[in-house]
Each structure stands twice: as C-alpha cells, then as structure tokens.
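What follows is a group of structures, each given as structure tokens.
Each of the two complexes below includes chain A, the first together with chain B, the second together with chain C.
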Partner chain A sequence: MTRFLLGVYFAIAVAFLVMPLVLLVPISLTDSQFLEFPPRQISLRWYREFFVDESWVGATLLSFKVGIGATAVALVVGTLASVAIVRGSFPGRRLIHALLVAPLIIPTVILALALFIVFLRWKLVDNVPALIFAHAVVALPYVVLIVSSALRSFDTTLERAARVLGASPVRAFFAVTLPYLGPSMFASSLLAFFASFDELIITLFVSGGLQTLPVRIWTDLMLRLDPTVAAAATMLIVVSVIGMAIAEYFRQRNVRRYGG
Partner chain B sequence: MSRRRSVQLALLLGPAVALIGLLFLFPLLGVMKQSLFNPGFTTESLEKLATSPVAAIVLRRTFLLALSVTVLCCVFGYPIAYYLATMSKRWRAFFLYLILLPFWISVLIRTYTWMVLLGREGLVNNALVGIGLIDQPVQMLFTGFAVHLAMVQILLPIMVLTCFAAMVEIDPQLVRAARTLGASPFKAFARVFFPMSIGGAAAGAIICFILSLGFYVTPALLGGRRNIMLANLIDFEVHQTLNWSFASALALVLLAATLILLALFRLVAPERRLHG
Partner chain C sequence: MQQAAQGLAKGAAVVFRGLRQVYGTTVALEEFSLEVGAGEFLTLLGPSGSGKTTALNALAGFIEMTSGHIAIDGVPISALPTEKRNIGMVFQNYSLFPHLDVLDNIAFPLRMRGVPRRAARERAQAALDLVRLPEYGRRMPHQLSGGQKQRVAFARAIVFEPRVLLMDEPLGALDLKLREAMQLEIKQFQRQIGCTVIYVTHDQGEALTLSDRIVVMDKGRVLQVGTPKEIYDRPHTRFVAEFIGVNNLLPVAGGAAGEAVLEGVGAVAAAVPAGARWAALRPEVLRAAPGEGPIAATITDVIFLGDVVRYAARCDRGATLVFSQRREPGGSAHAIGARVAFPIDPADIVFLAE
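Moving on to the complex of A and B:
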C-alpha cells in the first residue's frame, strides 16, 4: 500500500518535472496573437515569424558561432589538461583540477560581474572572440570532468603495449588513447556546446550590443509575451533533447565497450 | 622531475592555466580589489553594505528563499530518489533519463514555460477555473509562489540525482537483514536505510542551496519587482546605479557564502563524488 502511494507520488513528480516542457509544444503551434491552450487553430505561423525575422536568425547564428568556438577551445584546452592531471604527478594537481571545474559551481553572476570589469578595462566588450573565450571558461568543466574520468578508467597496458612495439609516446597516445577517448570527447563537446549556447548572464554583462539567442529571448521576455519566443523555445527544447540523447548514447557505448 | 617532463607538463597544462587564470581567477581577484581597495585598503563598501537597508532586505530574502527552496527540494526529492533506487533496473534507466531531461534545458527556457503556464490566461488558471476550484483567474505571475514553484522544478533533478547516487550504493541485503531480525518495514527503513542515505541528501541540499543563492533569471522573470534577489541586485547596481564597488561587495558576500558551503560539502560528501 505504501509502495503504491509512493508510486502515485512518483508519477505526479515526474509529470511535474517534464510536463511544462511538453505543454510548450502545442502552445507554440497557435495561430493567435496570444498564447493559449489548447490552441484554437494549429499553425506554424510563429515558426515562420522566427525564420523571417532577421534579429532572431542573426541571434541564432551568433549563438552557433560562439558555441562552436567556445566548444573548440574548451575541448582542446580541457583534454590536454585532463591528460596532465590524470597522468602526471606534480604538486597542486588536485587544486588545478578543482579550479578548472570551479566555474560550474561558482554563481555565474559573480563571474559575469568580474569579466565585465576586466573586459571594460581591456576594451573587449562587444567583441566576439572575447565572448568565445569567456564562454569557454563555463564550458571547460564539462570537458575536464568527462574526459578525465574516462582517462582514469583507461587501461594503460594498451598504451604500454604500443610503446613496447616501438611506438613513440606521442604516436602511442594518438593511435591508442585518443581513439578510446573519442566518444567521451564527443559527449563532452556536446555538453560544452550547450553550456555556451544556453549561457545568458555572462553574455548580458559583457556582450555590449551583441545578441545571442538567449539574450534575444531575454529582451523579448522583458517587453512582451510574443508567441515567437514559444516557437524558439520549443525548437531549443527539441534540439537539446536530441543532443543530450546522442551524448548519453556515446557515453554509455564507451562504458559498455571498455567497461568501467 | 626531468626537464623533458616539465616541458611536457607545461605544454599540457599551460593553455588551461592561462584560460582559467586570465578569465576566471584574475577577474575574481579584480572583484575583491574593487570592493576592498580604493586605492588603498578600505572597508568602506563593506560598511556601506552593512548599513544599507536595501542590501539587508535583499540578502535576507535571498537566504530565506534559498533555504525554503532547499527544504522543499529535500522533502519532495528524497521520496522520488527512494522510489527510483528501489525500482527494477530496466525502468530505472528510463525514468532517470526522463528526470534528467529538464536538467539539460536552459533555466531561461524552463522559467519561460512557467511564465506561459502561470499567466492570467495561462493553462493553470484556465484549468482551475474549468474545474470550478476558483471563480476567476488568480494572480500567480510575479509572486513568491511562482518563484518557489519554478525553482523547485528546476533544482529537483539535481537533488534527486545526488540522493539517488547515495541510495544505490546501499546494500539491499542490510534492509532485508533488519526485516528478518524482526524490524517492521518502517523501522528497517528508519534505522538502516535512512541513516545510510542521509549523506547523499545533505550533499544534494548543499548543492541546491548554493545554486539557489545565485539564481538570477527565475526571480527576475517570475518574481517581479518585489522579489529581487541578490544576483538581480548586483545586476541593478552595475547597470542602473553604476555603483561597481557596492556591486563587488555584494558579489564578495555571495562568493564567501559559496566557498563556506563548498567546504561544508566536502565534509558531508564522499571524496570520490568530487573527483570521480
């Protein structure tokens, strides 16, 4: 009996977590000026609105540009650092690891303020490359956490075997270790990309006039509740769900294939 | 350490240290400097902070909100994690994915869905009127209720996940042993399972509390003018009153609170969860 009641509670709780996102889909398909549920007339009107509006399209393209740039930086920097942290033995290893993942837990508004102050001094406000590097800081923890945990469970015998067979350390790394890390790097780059793609607060502080997609949504929400946002949000949800399913698939496959 | 090794290490770690040093540590030190030096060391902005009625109200409100959201997440999250930890493995993976799904969608979008649902003509009001529970739409947007509801929904997956991670480690044989020895189901739970899972719950609570303290988007969009939190006040001081020293002092308080809580987290959480 207790178990049954607990099950009912569990079902309600899961619905509470997931339903708001699911309900947005029909709401975004409305034909009217206002958000309504259920929509009286199904139409793709607001999706069309999104794609013909230059500010929406421009913001989306900028978000992709910044997201891809930040992911590339975080992936390279984070993978190299993970190799040093897991394989090396030097003083302060754990401190460096903690610092690299710290942006994940330090309230973003602090970092936003801090970056705003230094970017003003360095005249980097309104600068796309600077924004990319700022986003890379937020994306870095995902790469470091996932790649270093994959490296830790990697059996170094394989790499040693390659060395015994005459490969140089660098060649052994590229031929043996890197292919093993591939899926984890791919999964972590998806997470890193979304960390940047969804980033709002730092961007609001340091981007000046640049509008990424979250900033574009934010400015819209401050003014009115236009169904175009519902269409944009629905597309973001669908893209996130697919992206995360792919990331999870690759992570799981790696676990199954190599164990651990 | 040989020379070769040090060169290798520098090449591997250099970029990361440069990135984090230049765009994380250095700017954070800048915030400290901004709040504590002018140009010599001064506690001026901290004193101003201590005597500012606005800061006092907002700080109090932020800590109380973080506390109540954390308590709600514990109360609602623990049974979810318990059910998840005790269900069959096949269903577990499915529900775990479902619970984690919202976790990967941005806070902005998740807050927006609540704006849509809680509006005067929103789904919740329409449904309540429809079943006759209320006669006319109730004001839900721009209230503390809306902020609580959305924040609990946003943070609950983290709480569930942390509790769950501790619960799956508990050997079910132990509970069975207590039952065989004559304990009632409730007693077996209260005396065996619960004490072993409390560490995970505490770790989850601390993470929820830290994240709640820094919430910016949800209070701004769902709370309205009367529910300004610490992060919103920092933003306001930077962009509206241009009082950076005051904003930095506020950020310093938030940073100090976060670091203290992280130290507490290390005490309750098993080592491996931090570095795993």
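Moving on to the complex of A and C:
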C-alpha cells in the first residue's frame, strides 16, 4: 500500500513537477525582468530577490510553520486513529476510517467553504493554529491510509514475542511496532507536509490576511509576474525530491529487514 | 551463563487443570489437564488443529481461557499478564526483532527487566557463545540463515534464565538435515540449562527423539501421555497407534478362549482383553519366513528405505500386512510374488479398544 501510494505520488510528481521543471529551471535562471524561455542571460538574480523580499521569506516561513504543525497533528492523530481502527474491535471502525479519509475525496472547494463557515462562526479566521488545524484535516487522510495499511500487514507475533520477553503492551508497541511503522510514518508525513505546503484553496478561504507560499505565488500571478515565482518553484521541487528520496531509502530498508 | 547452567539448573513444575478454550463453535481445547515435572522435556504432539498452540498460548497468557487454570510451581498464574509470567518462548517463525541486531535482540528481555545496557549486552554475548555464534552479535536478523536465526531465538528465550521454556514448532521452517542437527543441539542446551521445556511439534520422529514424555493430542483433547517408548510400544487408542510410526491395524473378531482371530489374517494364540476391537502390529516386530505356514502371504510390494527394506504382503485371507527387515549380510530378501509365512508372536500384538 505504502509502495502503491508512493508510486502514485511519484507518477503525479513526474507529471506535475518534473515536466514543468524542464521549463521552470531555465526560466528561474534568467537575468531578465520577465518570464522568458529560453533565457538570454543566466543569473541567480531572482533567487537573491526571493531571499531579500520579506514577503517571500515570510510566506515561506509561514508555510513551513503551518506545514510542520499540520504534519505533526496529522501524524499523531492519524497514527493513533490507525491503531484504534486496525486493532480495536468497536462498532463504527470502518465509518471512522471513511470519515478520516474523506477530505481526500470531497472537492476541496466544499471542504474550504465548510471550514470557512466554521471559522467565521468561531472567529478563527486570520489565526495560525486554526490554519494548522485546517491543513491537518487535509493531511490526515495520507497518514491514516498509509499507517493503517502498514499496521494491517504487521506480524503481531513480534508483539507477542516482546510481551512474553517482558514488555508491557505499551512498551511492546513502542519497542517493536513503532520501528516497523517508522518508514510508513515518514512517507505519510512527507505526503502530509506537501499536502499542506501546496494547499491553496482552503488557505485562501480561511487564512484572512495570512500569506502562505502558495497564496503569495497566487497573488503574484494576479498582480505582476516576475521570475521570482520560478525561483521559488524550483527550490520547492528540489526540497520535495530530496524528501521523496529519503522516504524511499527508509522504505527499502524496511523491505530488506521485514521481507517483501 | 555458566553459573546459570550449574546454579539454577532447576526448571519449574507446570500444572494445567481442566483447560477449555472455545472459539465460536470451535472447541480448541477440552478437559486439558497435564502435569509437567520440573526440568522435564515434554512434547505436545498432534495433527494440525489439535490445540497444541492453544495450550502454549494459554500458558504464555496470549489468550484468555474460557475456563480452567494453570499453575507454575503451585502458583496460579491466570491473573498475571504475559510479561510477568517469566516464560521463555521460541516461535515457529523465530520472531526476531528485525530492526535490532542480534545482540540487542538477545539483550531485549534483560533490558525489559531493568538490567543496565552494558550488563545486558555482556549476558547476551554469553548466551550467544552458548549457542555457538559468538561472532554474530552485530549482524541484523535478515543477514542470518534459518538455522542461525533459530539459535539466536533460542538464546533470546533463555538469556533471562526462565524456568519454563516454550517452543512452538521451532524447527518447522528448517530443512530435514538441519532439523536433525538442531534437535540434538536443543536437547543438549536443555540439559545444560535445566529448565522445563514444553515443546510443540506435529513431527512424531522429533517427538520421539527429544522428549522425556510425549502428550498425544487430537481435537483439543489429550489422548495419551507417556515416555516415547510407552507411546510407541503401548498406544492406548487406534489414533495413537496410527499417528506414531507405521502400524498394521487389524479388526479383532472374537475367537475361542485363548485365541484371537485377526480379520483377514488368521487365528493367533493370544488372550483377547475384554472390549478389544483392534490389533496393532509394528512392521519391525513382524517376522516373515520364506515358505508356507498357517498365516501365509504373497509379497506385493518392496520399498527400499536404505538401512531397512519394507515389504507389503497380501495374506491369503485378504488383509495386507506391512513388515520391514534390516538389510543384513546374508539376510534373505523377498521378491515380489514370493510366498512368506508369518509366525506371529502374541506378545507383539497391542490390543486396542477404540
């Protein structure tokens, strides 16, 4: 499952990131005022511009802050929910699973509208923790899908072995189950992080004056268009490729250790 | 470890009393009562689904019994959680922790008991020496062969000096040759450590080789408990007689006094115990002489087994008897179609009621 989802993620990444990359990288390296391809003069001017402009830096920092926060919330809530769904035997387990995964299926605009109404009612617009919560809702399905499927394929005799060797149930979970889930949790947090980092529509609805990186890019597209956007996008691509490579490394290590 | 081998050298006595385990409509264990002596090597032997694993799981605390109780050294353990029972266990698939190296795997039970890291690793190394893999501490489990994993699992199960060791088909995943070698090693380790072992297998040869006593189980019930010799020579029921080794089973018809009529074979001068319905005859005690006699047969099959040759012979009255003969220099071999006579010794017949 993890492998499948990573594969899907990879295909999407290839289609939406790597293909435009061919155009974006040279465009970001131009010396000109405008988006031009191919560039006539190479320079790092727009990268410098990105780091000098406070609105870009601020938007990036906010995106990281919200992304990391949403990932942390989604990871903890999603992992605990997965344990309850897979190991528990209470009625409504499937329903809870479906609910947690729903944000992946429901059209984002509808979700954004719903969140917007709630945020208005409770005066949460323009509030960073609330934005983190909204992003966590979008990030949660990735964690629940990947971690619960990993948990299902986990050989519980390992936990039994830990128990009989002297570990309490909680200790056995931390000593044996969690290390197995590690790569899946890492892969799902990566997906969760980028789900938040990319997120535009919900953010536009509920963020008020807060500008995340996608919002910043979007406003830039509305107003003026200079190659800083291309520079920002290129750096984003580099970061996500590195993340995926690390996730793949851990996944392969797990396959070696636990067998296919 | 050396101290452990000499100092502790005493296993615990385990008593199962009236265990019953029901899964839905399946009765996995019924009236399961058993007394295991301190330091004994006891084997649960039975076909698949006979409740062997269920009995071990009940002792380890993995399942809550429907009813019945278990005591270790006279102390009831039903209220104790698994981790407090202080039982060593070797699983069929070894269940080594894949993310820990060999030494950390073996040190795990010690760490769980609060032994400091250094001391735990030293004792783990001693256990690794015991199973003769001293150089393998830094390997990851996936870098070991099946037999090596098996030994590491064994070391991990005994490093904390449990007084009871459970082994659920520990050699099931190994090939025949390795299995036989490991059987000898397990027996040897157990003698060194002195703990009580409850061993599960459905391989009767393994049970006969290893055990002080064997418990034959079927459909959740204990059919017979005894030394390997007793189980082999004096099975109580038809099931046990058929399950252990090869046996000729013949229906018994009532004859004259002091005479047993074995259906399809003939009459033998033997007193038939009351209620006996079957007669069991081991192939290796059955002697056949070339020629004719009161119980005569024609050889129909010859199977070469290496040190012995097994023959199938069809008696004139209809039954087929299997017998085996050692290959001795000058010993006569029978050819297919040859005529033989069986001088059946009444003392070799085991009469069975059911």
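Note that in this section the second predicted complex is superposed on the first by the 238 of 260 C-alpha atoms of A that agree within 3 Å, B and C clash if a C-alpha of one lies under 4 Å from a C-alpha of the other, contacts with A are read in each partner's own complex, and residues count from 1 in each chain.
The definition used in the following text is that a contact is a pair of C-beta atoms (placed from the backbone, for glycine too) under 8 Å apart; a residue touches a chain by one contact, two chains touch by 3 or more.
Since this is a predicted model, take the numbers as computed values, not measurements.
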item	value
Simultaneous placement of chain C and chain B on chain A, clash or fit	fit
Partner chain in contact with A:R160 - chain B first, chain C second, else both or neither	second
First, second, both or neither for A:T2, with chain B first and chain C second	first
Chain B versus chain C as contact partner of A:P179, first or second or both or neither	second
Partner chain in contact with A:I110 - chain B first, chain C second, else both or neither	first
Broader residue contact with chain A after superposition on the shared chain, chain B or chain C	B
A:S168 touches, of chain B and chain C: first, second, both or neither?	second
Superposition-derived minimum Cα distance between chain C and chain B (Å)	13
Chain C-contacting residues of chain A that also contact chain B	none
Complex interface listing, chain A residues touching chain C	155, 157-158, 160-168, 171, 175-176, 179-180, 256-259
Parts of chain A lying in touch with chain B, wherever the complex brings them together	2, 6-7, 9-10, 13-14, 16-18, 20-21, 23-24, 27, 34-37, 73, 76-78, 80-81, 83-85, 88, 90, 94, 96-97, 99-100, 102-103, 105-111, 113-118, 133-134, 136-137, 140, 144, 149, 194, 198, 200-201, 204-205, 214, 217-218, 221, 225, 229-230, 233, 236-237, 240-241, 243-244, 248
Touching residues (chain side chain C, partner chain A) in the complex	60-62, 81-83, 85-89, 91, 93, 95, 97-99, 108-109, 112-113, 140-142, 156-157, 160
Contacting residues of chain B [partner chain A, same complex]	1, 9, 11-13, 15-17, 19-20, 23-28, 30-31, 34, 76, 79-80, 82-84, 95, 97-102, 104-110, 112-117, 119, 121-123, 126, 153, 156-157, 185, 207, 210-211, 213-214, 216-217, 221, 231, 234-235, 238, 244, 247-248, 251, 254-255, 258, 262, 275-276
